[in-house]
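Listed after this line are the structures, all set down as structure tokens.
After this come two complexes, each holding chain A, first together with chain B and then together with chain C.
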Partner chain A sequence: MADGMINLTIDGAPVSVPPGTLVIEAAKQAGVLVPHYCYHPGLPVAGVCRMCLVEIEKAPKLAIACATTVTEGMVVKTQTAPAKDARQGVLEFLLINHPLDCPICDQAGECELQDFVFQEGRARTRYGEFAKRFNPVEDFGPDVLYVPNRCILCTRCVRFMEDVAKEPVLNVSERGDRAFIGIHPEARLDHPWAGNVVDLCPVGSLLSKDFLHKARAWELDKTASICTGCSQGCNITLDTRDEVVVRVRPRPNLEVNRYFICDHGRMHYKWMNRGDRIEAPLVRRDGELKATDWDEALARVQAILRGASGKAVALVSAGASSEALALVKRLLSGFSWTGAFQIVMGEEAPLAGVPNLALRAERAPNAKGAENLGYTREYTQALAAATTAAVVLVLDDADCAVETNGALIYLGTVLGDNAACRRADVILPITNVAEEEGTFTNRDGRDQRYDQAKPAPGMAQPAAWILGELISAMGLAGAPR
Partner chain B sequence: MGFPHKSHPKETVVLSQYFGDAEARTYKGWVKRGGYEALAQALKMEPNAVTDIVKESGLRGRGGAGFPTGLKWTFMPKEKKKTHYLCVNADESEPGTFKDREIMRWTPHALLEGTAIAAHAIRAEIAYIYIRGEFTEPWTIMSRALEEANAAGVFGGIKVYLHRGAGAYICGEETALMNSIEGKRGNPRIKPPFPAAAGLFGLPTTINNVETLAAVPHIIKRGAAWYKGLCLSNPKSTGTKLFSVCGHVQRPGNYELTMGFPLKALLYDICGGPPQGRTLKACIPGGSSVPILTREETEATLLDYEGVVATGSMLGSGGVIVFDDSADMVYQIMRLAKFYAHESCAQCTQCREGTAWTTKIMERILAGQGKTKDLDLLLDLSENMTGKTICVLSDSCAAPIVSGIKKFRGEFEAYLAGKRQPVMVG
Partner chain C sequence: MAIGVKVMKRPTEQTSYLRATLKGMALTFSHLLRPKVTMQYPEEKSSKDWTLSSRWRGTHRMLTDEQGRAKCVACGLCPQICPANCIKLVPGEDEQGNRYPLIYEIDEFRCIFCGYCQEVCPEEAIHVGVHYENSEYSRDRFVYDLERLTAQTHPVSTLWDPSDPKGE
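So, the complex of A and B:
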């Protein structure tokens, strides 16, 4: 085994981990999930839920796997009678004041209390006829509700706000079984990253108002994606139900966003479900846009491109995939080419406790990818150049205020309020980020793939497919196979 | 000395010699009685030499755990690279214990002197004395004494601060105490790291009880051999210990005894036994957190760390709670459980929920609505509350429940069978 590694056995399985590793993490490597609530790899260890009690050979009593570091030759047993009894005891204690309102709880189906009680809890309560603790629901912030009755006081939310967001507005108030999560009387849970407490909460105590009663966890399809909210490139999961994106959750990536996403990114999904989409290719016939099929639309674009020469301008969105951006460039390779993108700027909102993680001022996911492919930020100049260009191609930029005497080809998802794109000669319906797969390059130059979460509306196709079809039909060099 | 009682001939008066002597509270009065000589002597010695004397004396922590004091001091880093702290635990809140209060009330300078010696021994530049919030009189007296001692410049380079608690029992737990001094919620911390490695503000820290430190000047002055000689039974328990006797005895109070003194003699000879016409039923020998002893066990107990363990309990803080035959053990145990339920810091699940649930069951039994399976349930909950949490508050709640049901099952069963008049509590 590798030098400098610690060797230990967990439930009979040998593992080798770096020194300083916690038993709970070493167990994951051995394929053993030690049940736990307060432990979270993105937060400081609290050791308070006492759920991860395991037996360690030669130790005088049970130890918590989340606060015990591995030692050479350690023998850990998670399934012995004392360990199981202890965990069953914790589950029983957690349940005595927990309302069994799973049927109306948003967490049901992805609730760690449900899961572990089902796995190793008691079938029946011994709490008898005592009344459960009751506290009313509290409004913590713009998107967070606190349901104290369901709270198991794991303090993940408190530690997130204190140690990761560095805005300690939450605490544990009161003592004993009267305890609850309190919020500073003059504060709101409105930190730009506060929404993470909802993901961190292992039970249904902290709820997102946006997702409240929207869907049941087991109805959701989950797709790996990349957040389009800014240039950070946070890894996310798009949760869809009935082909509608209903929730965005962080997908752990220690190099980019650890376990977190900001609230801007979390809410940046509603546009993916827009109903006013272009569903069929449109071509200008007798001065009017008419719906048609792909063959005619693509033939029209080919005719335009073959019949033109000189200057071409591409005005693109910094939210388009690198694949589409590269193919636009190739499609226009016979012209004297200019490409530019415009980018919406906002306020930067860092997550203080994680280095190099922030909601970035550049609110688009692929500006770096566009730049790498030769697109510039000189959008105004490109707009000016477009007026005299032979061909102007607009990619997914509905608000583009382009004026041109040449031919205008628009690949987009919506027609937008701006009339400019409506004047196009050909309008080709494309898919949005949730409906295709592709690649974004984040601000640090990391290329990240995103997957398709839902089908495209109508006849819409991924921009990369459309451009690829055109390139091969035109016999241009390097056509995608 | 059982102030306000006169000292009993069977007592060994060391710490309590000046209890009741108001002049001893002043700096001048203390110096007149030989005070601060030990400190002056210690400051001239190498820190390790001071530690060696204390180690040799056999002094053990008087706060409850009985850990050898000198040994604890040696856990501090050998090479001093960072600030070292000494914390003095004067948060005496264990029900039935009131010895530290008397030390601070009558001999504040004894504590300050012991504090300074200990700080010197562990090479701490700063000492915090954490005084229980409810101790208003001791606080005033300690403040005055500290002012005088500072004015007299007796501490050398050591800075001593008083820190006032806010009334939480758990802040007497050493790591919770450190959190409290740091301005945080008084929650116990997970160990390791132990305080000697990363304690107050993350720096090496030693925490000692008031009584422990008050004994240190005597040891320095009179020598380790003298202190070691104060032993009536097991040589591992040396010196004198203050016992706070309360409950059903004729003369409750603080009594200072040599280690190994028989509990029976304390209760009957010194405290006068139970009130007229009553007989001893039970005794909690070491503050509310330790198992209850029956009369037979009580009368066979020798008061030192090993002696009390031998009869099934612990010496703890030396808070002796006495029950005569008029006591309702079920009610008494409910009161203890209720105390722990009130004081649980709410961190660990077993403690937060278990102490409260236990109390509810105890109240139900007292109300005559107990169920036959309640006793087994209580024992099972107690098992789940023992040895599984960060600190021992939950164990402390379970100890009297388990020993109470074991030793006084009849009283519980009388309630369960409806043979006792229900008691309404709530």
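So, the complex of A and C:
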């Protein structure tokens, strides 16, 4: 038993938590999920939904688990008849006006109201003879729709905009049974982090226009990944349906992005589904690029590398995995080597309420990782050096304006009609971030792993696999096993 | 004859076929007088004694609303529940912003006619039909699209109701 810890019992299970912990968080440790709507670990406590009522021994009446701090020797019971009755009553009130339109609601399947009503709500309504309140759908912002009928007034969105985004444009308008979430008449919900209100909404009241009617929650495969939108390295979940990425959601990581991602990252997935991908290795034969198999393509690269000496230049993308970047360096270790990456810059957009969290100006996920491996930002110099180099290797940099008199090897996902890389001697198809696993190093030097969400198109392989094959075939030191 | 075949003498009433033939014909002709059980399919498809059960599960039908649009809201429950995986559904949005199926196709060859799609449908849109005449000239005609499903006119199945097991 650690010093300074508070011991309490929740549903018969002993828990020991630091002082100041809320009962609802302590219950999570005991493996008990207290039903709740307004409470969210990333937001200030409001205690408005009254859903998390639990019985605490020696307390005069039921208490809300989200606003009660633990005390020594506390005995909490979540499943007693009074607590269940109270929660059932709350659910019944919520369902007086909540429409039963789950078949057309995007939240169905991941809706907390659905879950808790199924778990402990009444089976039948007692308000069948009364018409439900109806308000039309409102357009809140570039990506947010508000469906007031479904709203249960948990105020998570209001608190997010006020306390986390620090741009208080939402409020609870009117009162009593007429209350709804109102937006400032001259404002739009266009804060760069406003999309988080869609994730925070426990019901289908705030909807993403981008995801509207696109897929049902139970059809989605979920894969842990890292956002490629900027150098912050937010943890995300890629939701795929039939091997197409349809949605990006934040994955909680208290050290990096807490519970949030910005709208730029949220929309930064469409390129992962591109259809115009290179699907087979291409080698230059009689001046023309011809599709071939991996054996011939890799043999051709080996022949080029063995036949050349002197200067080599690697022009890489800062969106390539650290594994691929390290292996490019190893593959070119026999040459006098320079490596550089270019990086798209944008506008920085901080999330005011969370320190050290922003949409960073550097719009690539692995610039730090590339720098750590010895790649430089001197891209123009590297381009100039490439003209006289014996070997130029371009990794995943589709718009690279490379010109060289030496051999050009291009590892990429796409090949534009006028791309400079069309002049390459060998073109090798690689996978994108959703189709491979790898590591990114974010701007704070944190190495984070991402997983494969969907299969690669055609014969494309992860860049790290291709480079590893080449290194071991050439008998270079440090070939990956 | 080299081998002497012994011929047994039998009474005429035991060896004559006449009696047995008359007995058989009597049975045959007695059937002429009994009620007819043969139905003259395809001119006659049901009679007062025999019809398809109202719980028969045949090829599907999509019901429509007053405006003639399919009742389906593309909620995705039928492709989810379908054990044969024969329903293809792509949701979309119409001009009024209502959710509706852009593509709704049922492969009747794959279908095992379990009726789960009808049971699960919250909008009472998709139904299995009381219908069995499905012949076509080509196999691809057995993938029924939304237009075809809404155009069907046969009666729909009343599935088994556990609270009323005998259908009363």
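Heads up, the rule we're going with is that the second predicted complex is superposed on the first by the 479 of 481 C-alpha atoms of A that agree within 3 Å, B and C clash if a C-alpha of one lies under 4 Å from a C-alpha of the other, contacts with A are read in each partner's own complex, and residues count from 1 in each chain.
Here is the rule we go by: contacts are C-beta pairs under 8 Å (C-beta built on N, C-alpha and C of every residue); 3 or more make two chains touch, one makes a residue touch a chain.
These numbers were taken from a predicted model, which means no experiment stands behind them.
Superposition of the two structures on chain A leaves chain B and chain C fitting side by side, clash-free.
Of the two partner chains, chain C is the only one touched by A:137; chain B is not.
Residue contacts after overlaying the shared chain place A:418 against neither chain B nor chain C. Touch criterion not met for A:292: it reaches neither chain B nor chain C.
Between chain B and chain C, it is B that contacts the larger number of residues in chain A.
In the overlay built on the shared chain, the residue A:127 is in contact with chain B alone; chain C does not reach it. When the two complexes are overlaid on their common chain A, residue A:16 makes contact with neither chain B nor chain C. When the shared chain is aligned, chain B comes close enough to touch A:152, but chain C does not.
Draw one line from the C-alpha centre of chain A to that of chain B and another to that of chain C; the angle between them is 90°, to the nearest 10.
Within the superposed three-chain model, A:177 lies in touch with chain B and out of touch with chain C [touch as defined at top].
Residue contacts after overlaying the shared chain place A:253 against neither chain B nor chain C. With chain A fitted onto itself, chain B and chain C come no nearer than 25 Å, counting C-alpha atoms only.
Judged by the document's definition of touching, no chain A residue lies at the interface with chain B and also at the interface with chain C. The touching residues of chain B, counted against chain A in their complex, run 168, 185, 190, 341-350, 352-357, 360, 371, 377, 381, 383-384, 387-390. Remark: chain C residues 73-77, 80, 91-93, 97-99, 122-123 touch chain A in the complex.
Against chain B, in their complex, chain A makes its touches with residues 45-51, 53, 61-62, 64, 67, 85-86, 89-90, 92-94, 96-97, 126-128, 130, 152-153, 155, 171-172, 174-179. By the touch criterion stated above, chain A contacts chain C in their complex at residues 102-104, 108, 137, 212-216, 218-219.
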